[in-house]
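Okay, handing you the structure first.
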Amino acid sequence: MAYDYEKSIRPGKLPHIWCPGCGHGIVMKGLIRAMDTCGLEKNNTAIVSGIGCASRLPGYMDFNTLHTAHGRAAAFATGIKMVKPEMTVICCGGDGDGTAIGGNHFIHACRRNIDMTYVIMNNYIYGMTGGQFSPCTPTGMKASTTPYGNPDPIFDISKLAIGAGATFVARTTSFHATQIDKLIAEGIKHKGMSVIEVLDDCPTSYGRRNKFRSVVDMMKRLKEVAVPVAAAAKMTDEQLEGKVLTGVLFKEERAEYTDQYAKLIARVQGA
Amino acid sequence: MAYDYEKSIRPGKLPHIWCPGCGHGIVMKGLIRAMDTCGLEKNNTAIVSGIGCASRLPGYMDFNTLHTAHGRAAAFATGIKMVKPEMTVICCGGDGDGTAIGGNHFIHACRRNIDMTYVIMNNYIYGMTGGQFSPCTPTGMKASTTPYGNPDPIFDISKLAIGAGATFVARTTSFHATQIDKLIAEGIKHKGMSVIEVLDDCPTSYGRRNKFRSVVDMMKRLKEVAVPVAAAAKMTDEQLEGKVLTGVLFKEERAEYTDQYAKLIARVQGA
Amino acid sequence: MSAKAEIEIIEEYCKGCSICVEFCPTKVLEMDAFVVKVANADACIACNQCELRCPDFAIKVHKL
Amino acid sequence: MSAKAEIEIIEEYCKGCSICVEFCPTKVLEMDAFVVKVANADACIACNQCELRCPDFAIKVHKL
Amino acid sequence: MAERYEIRFSGAGGQGLITAGIILAEAASIIEGRHAVQSQSYGPEARGGASKSEVIIGEDPIDYPKATIVDACLAMTQEAADKYAVGIKPGGLLLVDTDFVKNPPKGDYTIYDIPIMRTAKLEVGREIVANVIALGAMIALTDVVKRESGLQAVLAKVPEAFIELNKKAYNLGFEKVKELMAG
Amino acid sequence: MAERYEIRFSGAGGQGLITAGIILAEAASIIEGRHAVQSQSYGPEARGGASKSEVIIGEDPIDYPKATIVDACLAMTQEAADKYAVGIKPGGLLLVDTDFVKNPPKGDYTIYDIPIMRTAKLEVGREIVANVIALGAMIALTDVVKRESGLQAVLAKVPEAFIELNKKAYNLGFEKVKELMAG
Amino acid sequence: MAKKVALLQGNSACALGAIYAGCKFFGGYPITPSTEVAEVMSEELPKVGGKFIQMEDEIGAMASVIGASLAGSKSLTATSGPGVSLKQELIGYACIAEVPCVIINVMRGGPSTGMPTGPGQSDVMQARWGTHGDHAAIAVCPESCQEIFTETVRAFNLAEKYRMPVQVLYDEIVGHMRERIVFPEPGELEIIDRAAPTCSPEEYKPYDAKSDTDVPPLAVFGSEYRFHVTGLNKAADGFPTTKANLVAFEERRQIAKVECPEARADIESNEEYLTEDAEVVIFAYGSSARSARYAVNKMRAEGIKAGLFRPITIWPFPEKRVAELGKQVNSMVVVEMNLGQMIFEVERIVKNDCKLAGVFRVDGDPINPGEIMAKVKEVL
Amino acid sequence: MAKKVALLQGNSACALGAIYAGCKFFGGYPITPSTEVAEVMSEELPKVGGKFIQMEDEIGAMASVIGASLAGSKSLTATSGPGVSLKQELIGYACIAEVPCVIINVMRGGPSTGMPTGPGQSDVMQARWGTHGDHAAIAVCPESCQEIFTETVRAFNLAEKYRMPVQVLYDEIVGHMRERIVFPEPGELEIIDRAAPTCSPEEYKPYDAKSDTDVPPLAVFGSEYRFHVTGLNKAADGFPTTKANLVAFEERRQIAKVECPEARADIESNEEYLTEDAEVVIFAYGSSARSARYAVNKMRAEGIKAGLFRPITIWPFPEKRVAELGKQVNSMVVVEMNLGQMIFEVERIVKNDCKLAGVFRVDGDPINPGEIMAKVKEVL
């Protein structure tokens, strides 16, 4: 049987608004499979996003869904999780949303190690507003606000997340479709802040401007640049030039925030 | 002769507003010596801060000085540096200012690798507002908003800065007075984003609440926990438990932002 | 050669990105103006690549 | 034993934190209510610790 | 009251109809020195689906910048026709693409059709010029600017290498409509 | 017009004068069931330098919550005296610490002095109770609340172990002033 | 809250009022002179099983509060000037998404950093117009520690009832001074909880208004009523729309739910003191009203027929009553610790009906009764 | 800017106006419908040796603009609704620190995220009151692409002259539509640069006002005039103070410099169309005024004595002229793409002098001339 995505999607919400070939649809499918794998209960799960094309994802999902303001997903989600630690909280959104305007909430959620799973759909561009560069747009590339090539260096989102204290950090691409659900599922099961970066493609606002003939070309590039961590371990720096590591990049067990707070309450109320 | 601090200080501005024993005065002296070492010209140097006790520093300094809004120093400084790349730009401020509300501007300045020197005076507390915990207050400690002990994990500022892309990262403490100027001077000379974290003490808002008898006790603690990176290399994880590494933690040469932008302009104007 | 799966295409969802066409190892699919169509049903080996990769929930592989 | 330096204390700046007192290796300094004072001038070895550590710009070591 | 002529171009996002509107407005306001305002609709996300571009042309400055009742409308797809071929003035004009608009909405206006996309593909050999064909056609249909003004405006926008292609497209559109009206 | 009595405690930050004000307000409003408002000054950074705490006491609710003209003022340091021993009512009262306020500002009010800090250090043995001595003294001086109310309010605030110490301090302050006034 | 009576700082009274109202979540970021609200909440919340979190900034604090409210907790944040400015975008979010929450603004002096430890009343217009876009505002402005307690309770009630953010504004003077508080017994003050949906989960639409002034019930994340929330203009089902009629209906309803006559009457709360026969009325709110009452008493003693009109609810503005008073009196004197803000509203409402003057002050000192009396005598 | 004439989008006209005015720095963050301003600036600035930076968020953008201005560049940022809300704290900073800069607000629909691609005029009150604390505001509201160009130039002039942030508000309709622009020759439009200090560096005080409406000269970081800037209340020398008289002087001066009669006359700019003999005046601004002018023409043709009053400077509000018109006409009709904002100001000023009605719309569609005519006929 074909995979039953529909049972996780709100009736009547498809087709979604994303452009032909937009990678966000592929990530959404991976997320659905991951949530399925984890057996999440609809009523007991919240999906929270910011603003952007990627952030439109929750609207399609038949869960408690919250489409917040640009960049604020992690902070809204923190409020939900504090009040209802028993709920599974998933954040999702774009690279711009999560690392530009939302950078501060993102790093602080990592620091607290609050139990949520943050899926960043990194298409290295502000898709929704028509293709301005994001903190993840590779240096030198074209965007509507870098007509002469992007002068900015990029964030390595995973490095940033690890530096900020996230306890589960993984990366894959929209080409590696089956890895998406595996990593997200692992992130959901991990107790603490999990960050899963999925490199995907925005043919409309990035591809055209950067001379990709089609989204398939863009996906093939993702295939080429991805190197699984295990394989990378055996490669030279030269071989790794221009490559992106995929798989679980970091994992650590550390006290989770709402757990700690529950203990604090117990202590105060016990006293 | 005694060191001539006065020539860098605005006439009539001393005594400063900091409490007896506040570590910020020690850092300011180190900064003055460092600026001296680098032979900075007063008119050609800007010192930019946010809001907090630490952020009061620029007001005393006889340079171009800018006391901005809470958390925004790095962003204001970016504007100055873009317009006048020939100026030396120094940011300073507290742990709260730089890593709580100012976290986003901080990590993005690191990412861009814009040439400025950011001196974070980390007294692990919001001093000015009377001792609420900051993202750097050690877990379990008391602050006015953690009457039951702080449940939050801390940022390792250096790790965060490295994760975000800073190209010079160093740490010392207010006990290690002579190291302060050495590291800041090295940071100023480094082309790119330099972060120098100076652990110092707030006897008023942190010390009392956490049962330190005096600021001298607090300084002695700094002496005890500090381990120079070189020494740390030879220590076991167990020995390093509870210690803080000092010295230059990271250094890398990477294209500087305003340089890149100057090249872009040259390219456009040449064409 | 006989089809290993029946391919269902939900035309209202298909946006014609041609990802499924490109990644189908046996060239079962083809673009028809803006929408994909099954051009070579028998060649399907039920590998599921098309369903897996379609960003638009527009294709379903029903194994036979 | 004779002083290696003359210690200048700027009383209006001194806030009496006693850091200089504690870190002076030869116990030259002492607290006098809220302000530091030179209690044992001859012992000074001009090590500069007091000047270096005073957070308030209140002490100067003039080497003799 | 200033006299104003309102033209709407509609079709699918990506068909270049905003550009068509802009060129028409340039022909009127820059080349002919009259007044023109061009505007377009932005969907919720400014992408996908049907899109429209409106041009209002007049001898005096244009106050109200959006269409009131449209004098002439182009619809390149059925969806666009359904959505945007409304508010056409009694006695007005509607031009549709023969192949893509099978059911043009009926009303108190004259409907014309020419195979715009097909012409682009088969007669010019490049689908991308469909909007220039459409522009030529609309100018022929409405006479709102001179034939030469439209052409001049088109050519001012394209690189050397594409001049002939666009000239051909423009003229094809213009002539196909003139034929139709004559016939 | 509600009758109101205004008292100001001033001294160096850290001398506990805000607490003294709070205790007096509690004595009046909680223990005696009258009305009281306590407020304090915040410097630019809410720390360091001279500090003040004001209490206004009345039989009716207190409207204007800040001092208008002060009935009685305490100054524990010269800086505080210079800064805050102003706006004292003609015929009002000013109490200063004998050792620390060498030049109490002169005016149309009676000045008293007792060695508050010294008493704390030498007679009670703990400088920290200076504010309680001051409180006892001000209550003796002004009679604004009953002697017992003040004591009760003090004791309600301190842990068991410190009851005797504070009782002693309060009484010392109270009696030293009464003696002075009597003498 | 063991004692029935206590001498408390305004900020403590606020926190304890919130706890009384059933608040179970506080998300904040410290700022003078509001910080004590957070400090007391950090101590009290765990006792009642509530959650306190200090967020990374005021924006995060506001976001956490909205999230927490959607998860079912009555939620509070407290801040001052710069923090309120930072929260503006998300205050608008709470308006359009109709999420109940309470925002305390302990007003300090100056724009920007200004005078952090001085009092001010300069944020009252911001409370109405600070966020972009059309929206309604409810704001209350207590004048005493006791009233801070009761108005905080009322703010929660209004937030829950009208499903929106409610602001409590008071200045540094009341925030930091101490007065006797008499704690109401549990049950003594009315406590309103948001209306829960009564339909089946399948039928539930989070913005399904029965009329153009209706406040639809709000379900809770984690219950069986799953729903979607967005800051985009949306239809009754909570999903985005750009349909003109749906957008217009929602935009208008969200203002009308607060500004229709019934709601105004319910939300409005004024104190009138000796206004009945007054020839001059002083319009004052918050701690300035205390100075004004003092001045009124003094002037009455002098034989001047002065009265005080004190709006406790400042938004919506008490238009009807002010208009009536404008017709009654010879002059109105507006007293504010700012350079003239609410006086614009008074002017708008009283029109040419009476003389109008203002007493303004922004130097860090409270307004003195003497200044008020001088102005009254000048205009009378 | 090679051609003298071009068909340009409003947002492009804005960017090119800024370049004409001598702008050399843009700090921004993309947001619909203002993004094209940034896009054009990113292309144009390097050509003239200027700097474009896309910051991490709108707050950072505003901060960079203030920093850049202090370093001596005329500086610009452009944003829309949510971004404007986020900038509020730092707009206040620019006010109190008196740093010239220009903020473009391309207004879209709805509060919060609302309707990002629809037009609105709902931020006009926010432009006056959005930031906390007392402050003055200058805001202009052009109605056409040509006027966006010239008003952007004027905004820079006002910013430099009055040493403060100036906001340019226009809605999505004008921002995105294209019209012919005639480019002024260099020198054709007046360009004002900030006054530089004439005293010696030692004597220089950045806030050394000669009168209570004075705008002191602003030096530049990197010159020999070193100085200190803070967001705290400060004395003439720029250093913080809490001295009541100094604080009050500065707070009042910073409003008076904009609101004193001379400054008002200088800043004010209105268009009046057929108002001379008008019995009904339509008060409209921005793109709504275009609908209103269309309606006026239609009504004149019908014999109705209608006129249009269009404030181009919306803040400070044109009080004097509106008061005069209020006395002249029988009725005023305020037309706004919001639910009633400037009408409050009009009401405040015209008082009982004439009838007043509003035409409001917030559904994403522009106001139609027909709606205006219907309302005029209703009230006349």
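Going in written order, the chains are labelled A, B, C, D, E, F, G and H, and every chain counts its residues from 1.
Please note the rule applied: a residue touches a chain if its C-beta (ideal position, glycine included) is under 8 Å from a C-beta of that chain, and two chains touch if they have at least 3 such contacts.
Because the structure is predicted, anything quoted here is derived from the model rather than measured.
Touch-path distance (fewest steps) from subunit B to subunit C is 2. Following the contact convention of this document, B is the list of chains adjacent to both subunit A and subunit D.
Among the remaining chains, D is positioned farthest from subunit H, on the basis of C-alpha centroids.
Look at where the CA atoms of subunit E average out and do the same for subunit H: the two points lie 36 Å apart. Centre to centre, using the average C-alpha position, subunit C and subunit F are separated by 87 Å.
Subunit A and subunit G have Cα centroids separated by 38 Å. In subunit D, no position touches at least two other chains. Within subunit B, residues 19, 51, 69, 100-101, 103-104, 108, 128, 130, 135, 148, 152, 261, 264, 268 each touch two or more of the remaining chains. Residue positions of subunit F touching 2 or more other chains, listed in rising order: 43-46. Partner subunit B is touched in their complex by these residues of subunit A: 100-101, 103-104, 107-108, 111-113, 135, 148-149, 151-156, 159-165, 254-255, 257, 260-261, 264, 267-268.
Subunit B contributes residues 10, 13, 42-44, 46, 48, 51, 58-59, 62-69, 72, 75-80, 82-84, 86-87, 104-105, 108, 261, 264-265, 268-269 to its touches with subunit H in the complex.
Within the complex formed with subunit A, the residues of subunit G that make contact are 24-25, 27, 46-47, 49, 51, 53, 55-57, 59-61, 63-73, 75, 89-90, 93, 221-224, 226-232, 239-240. By the touch criterion given at the top, residues 59, 81-82, 84-86, 88-89, 92-93, 95-97, 107, 109-118, 120, 122-123, 125-126, 128-135, 230-233, 242, 244-245, 247-248, 251-252, 255, 338-339, 341, 344, 347-348, 351-353, 361-365 of subunit G touch subunit H in their complex. For subunit G in complex with subunit F, the residues that touch the partner chain are 5-7, 32-33, 115-118, 172-174, 176-180, 287, 290-291, 293-294, 297-298, 301, 366, 368-369.
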